[in-house]
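These are the structures in question, set out in turn.
Next, two complexes with chain A in common: one pairs it with chain B, the other with chain C.
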Partner chain A sequence: MAQSATTGAAAAQPVTTRGRPPSPRRAGGRPPGRMSRAAVHHPWWFALPAVVIFGGFFLLPNLLNFYYPFTDWSNYHTDINWVGTRNFREILDDGTLWRALRVTLVYALLAAFFQNLFGLLLALLLEKDTRFNRFFRALFFLPVLISALAVGYVFQALLNTDGAINETLGTDVPWLGSTSWTIVLVAVVHGWKWMGLAMLIYLAGLKGIPGDMLEAARADGAGPWRMFWSVRFPMLAPAVTFNVTTSLLGSMNTFDIVQATTGGGPASSTEVMNIYMFRVFGQGQWAEASAMSLVLFLVVVAMAFPLVIGLRRREQML
Partner chain B sequence: MRRTATAVALIATAALTLSACSDDTAGTANGTGAGGSGGGEVDPTARLDGVELTFWTAQNTVNAADQVIEAFEEATGATVNVEAIPDLYEQNVPTRLASGERPDLMFWQPSISTLPFIQPRQNLLPLDDEPWVGDLGPTEQSLGVIDGTRYAAIVTSPAMLGVYYNKDVFAEAGITEEDFPTSYEELLELGHTVQDRTDASAFYEVGGDQWPLQWQVQVQLTDLPETWWEGLNRNEESWTDPAVVDAITTYNEELLGAGLAQEDYRTGTFTGQGEALWEGSSAMALNVTSFQSQLQAQHSTEEIDERIGWFPIANSEARGLYSPDQTNGVVAFATGDEERQNAARQFLAFWLGPDYADFLDARKIPSVQPDVPNPEGMPQTAVDQVGELADAHGVFQAKAIVAPELHVALADMIYGERSPQEVAEFVEDQFDDIARDQGAEGF
Partner chain C sequence: MTAVLDTPGPRNAPLGPRIWRWARPTIVVALALVVIGIPLWLVLATSAKPRGEAINPNLDPPDHWQPGSNYADALDQGEMMRGFANSLLVIVPSVVLVLILGAAAAWVFARRRGKLVATAYAVCISGLLLPPAIITIVLQLRQLDLAGTRPGMIAVYTAMYLSTSIFFMTGFIRAIPYELEEAARMDGAKPLRIFLRIVLPLLRPVIATATIMVMLYAWSDIFYSFFVLGGGDAATLPINLYQVASAELYQENWHLIFAYVVVMSLPMIAIFLVAQRRIVSGITSGAVK
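What follows is the complex of A and B.
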């Protein structure tokens, strides 16, 4: 693969140098042919509007998030002074940071598990291109399009002690009142909301499996179960990488569903980092909220690298 | 050369973006607020043709000032535009102010713990010399003042904390007005009497919505003297004081632990509390006036009078507690535009002056001015509360410079995740942090 790219670049050389003599700098530094045709023909400043928006609304706030946690920025005074690591010491001291981190990790693992489980099951069920399946694919994708807050409020109403679920079952279970099981339930809701997206990606993965491979497996006498475990699931590796990474890291940043269903309760057992941050921010302690947000960012980065590397390696091994 | 020009352009853009993101309230730090204080001579109905004022309200109070706005527009020719700020109001308003937006007027809770959220010294017009100040009742006069300067006009009576009870359940239990408690201890005894003689639970507690959990503790703090609260605000006293820890312990052990709350008190909701009291499945609900507003939204005055009663309670006497809320106060902003600032002050003078009786009549709420009578048609529970206001205690939101989230820690406690001592420590930690952020002396 690498070899063919080099040959390609070498072949392209006469084309790019035909118009004008190559500048000595370009010839020495960057191998010619690396720059795409579009980049040569469109001046870089065409990208300036996008760069400014990206810089102003994404890059800058993110960079500031490395500065504010070390200040006394708050709602109560206008000046912003450097205070070193005081905010970090405070959120560590009161113990809530560890609890929020633990809750966030448990939630993310559960949410990623349910989202992928539901998504994969739906993809397998609705794999064939029939009219019936196409309709249900669209139907199961609908929750992805609904506002997460709306989903949260609907489930909150359903799961209330005097809500529709208890009424239908004739029970009196406080679904949202258990310090150990409510988090699982909220993760199921999260999985339900995003399962359509996972389904779509798994479907694309299933469609990408070469037909002759399946045919060969069938000819070798593989039943449906064997076919799934030994051929289709391994071939889904790239889809698994994408789905697991996005669902796990995405649910680390969860806020809306949890806020709408439990608001972090009962007894803070579903108080994920973002809910805690929201509460601290609401008290006017903006620098402390920023410190939490920086911790969350670092945790997500620390998880993302080994996760992506591990899953990519798995793809290559299969 | 071109490269340098590009670099300069990029740096300039970055600098511009950076400056756009800086705290916009910084510029007014020296207090344009003082400039707007004209004081005294305001003609409430002077012509204001062509003047436009902006009034911020919360989503649930967007119509609260409709009567006075219409009357003011008619009387003066000014235009008042109401803008509802999305919930959570107390959180979104400071963020908007920090980004440089300013209304002319705004509803805001006039308590010493909530006014600092909007940096009154920098942002608001001082209102010490307005014509209506002397007309307010004694409790109302004590509200809206920070460091000796008045920043809020008190337009509605503060909420009252007390016990709402179901009259039928009390009758079934044979309880008459003479049996009403005169201390918290007696209130708990009354609870046992009700449970022994009827099927109703003594109290409905709201662990699901959390915020009403604080009231059972708050009514037990009324014996703490003023000097204690002053000491607390100078960091000489602490929330871990045995009086506070004992109050939390009493709530945990002698009310919840003794089975005086309904079975699902951990997940109970505010609306559930209203329904339970109305149906009589619970006998009592200790809550503030918003509980009554909830009843008024669903039932007529006659129905409420027939079924629901109210009595005050404090730790060792039968006295109510007042609790300021967002609709009690209106603040006027130092916008730098003299004409609009004067119009805003005129609006307040109109509201609390010639229009006040009509405003009360339209809303059916009690008066903040002893000289203006309460309107006809208020439920008896509301009338009882007004009667108690003059010598009521204040809740801690009105006494402490920071209102810590006691209810959040109590919600942990009812699941056994925090002990009463740990609840007090959580509250003290949060109080300390925010008081220091406010720059309060001693922290």
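What follows is the complex of A and C.
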């Protein structure tokens, strides 16, 4: 252990000096000289507090999360014993695991879809940098500033069976009472809350497209439709990468909006993993909550890697 | 070949673009009225209604305006001032720590090369995508005697948002010319001095952005604060709102809930109005590279 650490450090040293990209100060004629220049000028201890806090309160819990799901840690006794895969078998057998997994994935896909669709449409509508557009951009950004919990309550008041929408339309639709469609509606609310953020990023992406490229496409006779699909949309790749990755993974980790609109119902049809964890933790079954937390972690990791790599590759192909 | 004939010039623009010139603003205004206007009106109108009118929320204007007493009730019964103070007491230290620790780490990550640094950097920004293991965080905080306390919450927020700030700041520092540091070094400045006098001031734009982003998330966070702080004396504003909305006493009390929502949202809206340009440029610069 100690030896590998030393060799690791020794191996890292030459790389530290040699691996430096050509920079102006090299050209300045300073000899490579002391090996520890990097260490003197940018000492490690500057990074230490951040690494310690991040390691202690983010990494370590995630590592412990690989242990506690296999114990009987709960509110009902003080000792913690190893129980193997009992917790997982329980949530597998009663169907909770698959349901929570399915609900979370469906929700995340829908929420990411709506958030990006709304954001992109707004960006295209408000593309030109006029005073009119700037005002409306700020207006459509408003939901981003309001807490997700508050957004959830607002839409509960709108969508309740005796809520504002039914009252205005004179209908009696149980918007939040359908086991199949309510999840879509809640995902739309999620898209509504975050569309302003997606819009800003798409706007920046649109702005970054070189004008002469658009000019050339126009000279070649591309209509607005063709122009969008063949030129502008492909050029938006970095913005799409960022938006899709963050929205998809972010909405895997959702809680507030669902909690405030449906609380996981009806009949658990919107009970995403975080709501399950919250409910079960409240009942004192901490190990079960931890088991679900581990599943969420693994799913997010499994999604994050291909997503980041795949989207990056697509970006580089252009 | 017909393309040449169809070429839309500014003068002989076909019907499509001409209609679009009128249709676009119309669509924008209509969309804004429906998509933003209706929810906004619902919140503002309901927050001014007496209880009887607000039980079944609708879009009618209040028959009887009583915003004053509703807001006073929300402030008073919702223990808003306490929640406000509690929110500030955890968010301000978290933001300061995220910025200072993040900037110091980003400086090292941006300026040093090598496998070790690359690995440490990759690990430190992994929090951008990975979910925090909140359940085991609670266990760990209990063992450290930090569960339910503000220092515990601050540590959790700091760890959660460090990734974001390190990511933004490392990118930013890499773009700062090295000569600026070098010049100060020639004058004999030590690393700490260079960091404080040269790097930190240059980071101002990204610090502003990171502050706002962290505030935005932490101000409205309820999930993590629920697990760490619970509903006790240290409850933050969103927890208070949740309690107001869930308590038996307040069930169906939409007028109080929405008064609460308005007051709670005002600080973020004020910050946005003041620092709008910063926020927009900050959000977009990190995303589209």
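The definition used in the following text is that the second predicted complex is superposed on the first by the 276 of 318 C-alpha atoms of A that agree within 3 Å, B and C clash if a C-alpha of one lies under 4 Å from a C-alpha of the other, contacts with A are read in each partner's own complex, and residues count from 1 in each chain.
Throughout what follows, a contact is a pair of C-beta atoms (placed from the backbone, for glycine too) under 8 Å apart; a residue touches a chain by one contact, two chains touch by 3 or more.
Just so we're clear, the structure is a prediction, and the values are computed from it rather than from any experiment.
*Asks:* Is A:L298 touching anything from chain B or chain C once the two structures are fitted on A? First, second, both or neither.
*Replies:* neither
*Asks:* With both complexes overlaid on chain A, does A:L145 touch chain B (first), chain C (second), both or neither?
*Replies:* second
*Asks:* Pick one for A:A47: touches chain B only (first), chain C only (second), both, or neither.
*Replies:* Once the two structures are laid over each other on A, A:A47 reaches chain C alone.
*Asks:* Just to be sure I read the superposition right, which of the two partners does A:V173 touch: chain B = first, chain C = second, or both, or neither?
*Replies:* Neither partner.
*Asks:* Just checking: does A:L64 make contact with chain B only, chain C only, both, or neither of them? Give me first, second, both or neither.
*Replies:* both
*Asks:* For A:M213, is the partner it touches chain B (first), chain C (second), both, or none of the two (neither)?
*Replies:* neither
*Asks:* So which one touches more of the residues on chain A, chain B or chain C?
*Replies:* C
*Asks:* A:I309 contacts which: chain B (first), chain C (second), both, neither?
*Replies:* neither
*Asks:* A:L158 in the overlay: touching chain B, chain C, both, or neither? Say first, second, both or neither.
*Replies:* Touch partner of A:L158: chain C, not chain B.
*Asks:* Touch check for A:R279: first (chain B), second (chain C), both, or neither?
*Replies:* first
*Asks:* Residues on chain A in contact with chain B in one complex and with chain C in the other?
*Replies:* The overlap between the chain B and chain C interfaces on chain A comprises residues 56, 60-61, 64, 160, 162, 281.
*Asks:* Touching residues of chain B toward chain A in the complex: what are they?
*Replies:* 6, 13-14, 17-18, 20-21, 23, 25-26, 28-29, 88, 90-91, 94, 98, 116-117, 119, 122, 207-208, 210, 264, 266-267, 269, 272, 405, 408, 411-412, 414-417, 426, 429-430, 433-434, 437-439
*Asks:* Quick one: in the complex, what on chain A touches chain B?
*Replies:* Residues in contact with chain B: 45, 52, 55-56, 60-61, 64, 72, 74-80, 90, 94, 160-162, 174, 176-177, 179, 263, 265-269, 279, 281-285, 288.
*Asks:* For chain C, which residues count as touching chain A in their complex?
*Replies:* Residues of chain C touching chain A: 3-4, 6-8, 16-17, 24-25, 27-29, 31-32, 35-36, 38-40, 42-43, 46, 56-59, 97, 101-102, 104-105, 107-109, 111-117, 120, 123-124, 127, 129-140, 155-156, 158-160, 162-163, 166, 177-179, 181-182, 185, 191, 195, 216, 219-220, 222-223, 226-227, 237-238, 241-242, 245, 254, 257-258, 261, 264-265, 268-269, 272, 276, 280, 283-285, 287-289.
*Asks:* List the residues on chain A that touch chain C in their complex, please.
*Replies:* 8-9, 11-13, 15-16, 19-21, 23-25, 28, 38, 40-44, 46-47, 49-51, 53-54, 56-62, 64-65, 68, 73, 125-126, 132-133, 136, 138-150, 153-155, 157-158, 160, 162-164, 167-168, 192, 197, 200-201, 203-205, 208, 218-221, 223-224, 238-239, 242-243, 245, 249, 252-253, 255-256, 259-260, 274, 277-278, 281, 286, 289-290, 293-294, 296-297, 300-301, 304, 308
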